[in-house]
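One structure is given below, represented as structure tokens, and several questions about it will come after.
A, B and C are the chain letters, set down in written order, and residue numbers restart from 1 in every chain.
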Amino acid sequence: MKRSFKGLFYTPYILWLAMFVIAPVALIIYYSFFDIHHQFTFSNYRVFFESGTYLTMTANSVLYAFLITVISILISYPMALVISKLKHRDLWILLVILPTWINLLLKAYAFIGLLSHDGLVNNLFGFFGIPAQQMLFTDTSFILVAAYIQIPFMILPIYNSMTDISDSYIRASSDLGASKWQTLTKIIIPMTMPGIKSGIQIVFIPSLSLFMLSRLIGGNKIITLGTAVEEHFLTTMNWGMGSTIGVVLIISMVVVMLFTNTKRKGRRS
Amino acid sequence: MSNTIVELKDVYKTYDDGFTALKDISIKLNQGEFYTLLGPSGSGKTTILQAIAGFTEVTSGEVLFDGKRINDIPANQRQLNTVFQDYALFPNMNVFENVAFGLVVHNVKKAEIEQRVHDALKMVQLEKYATREISELSGGQQQRIAIARAIINRPKVLLLDEPLSALDAKLRKDMQYELRELQQQLGITFLFVTHDQEEALAMSDEIFVMNKGEILQKGDPVDIYDEPINHFVADFIGESNIIPGKMVADYQVAFLGHQFECSDAGMRPNEPVEVVIRPEDLVITSPEKGKIQVKVDTQLFRGDYYEILAYDEQGNEWLIHSTNATKDDSVVGLAFGPTDMHIMRYNESEAKFNSRLESYED
Amino acid sequence: MANRASKLGKIYIIVIFLLMYIPIFYLIIYSFSNGTTMANFNGFTLRHYGELFADKRMLAIFLDTILIALLSSLFSTIIGTMGAIAVHNTKRRHQRETLLSLNSILLVSPDVIIGASFLIFFTALKLPLGFWSVLLSHIAFEIPIVLLMVLPRLDEMSPSLINAAMDLGATPAQILSKITLPFIQPGIIAGFFMAITYSLDDFAVTFFVTGNGFTTLSVEIYSRARQGISLEINALAGIMFIFSLILVGIYYLIENHNLSSGRKLDRVEVPDR
């Protein structure tokens, strides 16, 4: 009787795992071996690895995601550090979380206005005597807007790992004669590595696939892996090729996971 | 032996990873007695408790309650209750609801619940705390509520898993008296688990000393203290000086190059043995008057006595409890009588130990 | 951590916070502009809000979005909580780790992969795209986050609580309803709210599985934004901002209530898309 009671809990969850986790991944791999005429083929992979277009696109995509991640870390780390030292840090971190509750597309849309020819940014440039620039539909704007959207997601895990550091480590470090800078580089940064790593996980992988941003801010110039998947699935209807790119995306995701996975030791055993 | 309430017969417990937590455990608990399972952590004492309570299944052997096999009866249908080490008070309920829980799940009528909860709280002297939240209670109060909750179903046996370990020393001493009193008042069997030998000696009618999944010795506190079966028990219970020696003949033991009269017998002639002398049985005298001579190394004032650490010529360590201090680095004599020594054989089983003791005592 | 923040540090975070909030306020301010573009504020008006409320189609989309969010959160909270209990009950360590790895696949997968694979899945099942495919997808990608919000509470629960309830004679059903569920309730509520925000925030997955007839706010904003600036979207942003604030408010009120009647939550949850 006890067994069946417990079994009751497993059933819906396992069903979900099978139907919405395992089956879709299996299907995407399966579809990657079919061409547009539903014939079994390896040609999708051959095309992907032989044509320069797809490889360049992948390289570009990884480069964009890398830059977005690096910019996010550079801005977020000092943010998290300062906030963790503030008196009402819970309140301040709430201010970091709040923008994440606002729809991504609205934020992207705001930048269409901000960066447009007569937008706020060009107005400011004009104020300093700089001529108006074409900013929408450029690589730089795409990367900056993506970083803008990702920054809160980078701050939060780093902040969490900072608040986990006990005061006494910092005191011990300065007690032993370390300068503030030495404490930062030798104690705080190494101890917050898990936070940085999970930040990279949260930021890098989605950055590979921000097709809506590249469409809205990057125009149609910037093709990332995500844009290509969307195009193949929803425009050209070549699901085989789309799935192949999807498989490449999944593989790059696994690689990132392997690099950033720190075995988190249980607080409570 | 008709009033046996709980019995374990040849119980083994082996985990999936091959670790054997219990080896051939056979114990009988009588009605109305206070038993203690005493041993270091990992010795299997809590596993025994869990096997009786039904939180863990034994690998082989029988668990009997009131003469009936209960191996396959789930914990919620066993008529015994447990006081947990961390109290396990439900944080989402107040004191009253916690104590009433055992009655509520058995669909007892409201009026009766109120009466019985009130009585149980009175028993632990917390009748005014019924509406308090658990988080508002001190450690000692939580402890009492845990006891009140466990006795609400009127169990025949109460299992207590290191219930005092989280309390400070003073409170722990008070609770020892209270628990003993409560047990006598209720007249039910208590099975108490602890690693604290003082606690065990103070409260129990009978103690089971455990190590590495086995019961090494059982007996009343005085017997276990005075006549430990082996090195482990002697060392674990109380403080002791254990010196290797040789049993020359019955009532004659030799160690440190001297032969002494003792009160033990029944060994082979010239059998190697261990001699136990408790620190409080050693009396400091002049070197000439003492049976052996030691050099004082360190003295610590413990309040009611001095703990003196000394070494004999062969380098054996001696621990002495004395009401007076001596001089550091001075050579003193140690005096002790035949009954102050207890002789232990190597690897003697409990059965043989007991029968040997019976053969020459009285 | 010790040490107070330096002056420079404070200036730094104020600048970054300004940069973080300027786009949002820029958006909202122009929803009151009596013009047609997000340049040159042309005087205050509520015209765009009026147009928005008169837009029957928009209202229907708004209600659909809320309905999807509430329904999917409800179901994912139930299934996710059951999943958390199942994972918590696993005896072997590697069993638990395997379940947790599988659980996190949907959390770390890029949205386009989830969207594309669900699209294939629904097509293979011959399920028509629309309300039901969107609802099922949302339930599916919300389940793992609910599980992750509930599981720590379960792990925090001392096993002796369950043993104590059993010891006092409670049946498994009584243990669940009287001990386990009340204990993990804060995790369940947090999971429910997180699921709502995931649902409201989602664009990519919905975009893939929505088909032609059915639309959510995110998808609608995307297709309108691709056509250029319309201040009606700004008005929508204003309303959604207020809506988010209310949601955050409710969430933190509940959290604080739990906080005062339980242990302190010192970690901030990391919301993800």
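Simple rule for what comes next: contacts are C-beta pairs under 8 Å (C-beta built on N, C-alpha and C of every residue); 3 or more make two chains touch, one makes a residue touch a chain.
None of the values given here were measured: they were computed from a predicted structure.
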item	value
Remotest chain, chain B as reference, centres from CA atoms	A
Chain closest to the middle [Cα centroid of all protein chains]	C
Distance from the mean Cα position of chain C to that of chain A, given in whole angstrom	17
Chain A-chain B separation of Cα centroids, rounded to whole Å	59
Chain centre separation in whole Å, for chain C relative to chain B (CA means)	55
Two or more partner chains touched - positions in chain B	74
Junction residues of chain A, two or more chains touched	2
Where chain C touches two or more other chains, by residue	none
Touch list for chain C against partner chain A, complex	1-5, 9-10, 12-13, 16-17, 19-24, 26-27, 30, 37-40, 78-80, 82-83, 85-87, 89, 99, 102-103, 105-106, 108-121, 124, 136, 140-141, 143, 147, 155-156, 172-173, 197, 200-201, 203-204, 207-208, 217-218, 221-222, 225-226, 228-229, 233, 236-237, 240-241, 244-245, 247-248, 252, 266-268, 270-273
For the chain A and chain C complex, residues of the former touching the latter	1-2, 5-6, 8-10, 12-14, 16-17, 19-25, 27-28, 31, 75, 78-79, 81-87, 90, 92-114, 116-120, 123, 148, 151-153, 156-157, 159-160, 162-163, 165, 167, 170-171, 180, 188, 198, 201-202, 205-206, 208-209, 211-212, 215-216, 225-226, 229-230, 233-234, 239, 242-243, 246, 249-250, 253, 257, 266, 268
Residues of chain C touching chain B in the complex	158, 160-161, 163-171, 174, 178-179, 182-183, 262
Touching residues on chain B, where the partner in the complex is chain C	53-55, 74-78, 81-82, 84-86, 88-92, 101-102, 105-106, 149-150, 152-153
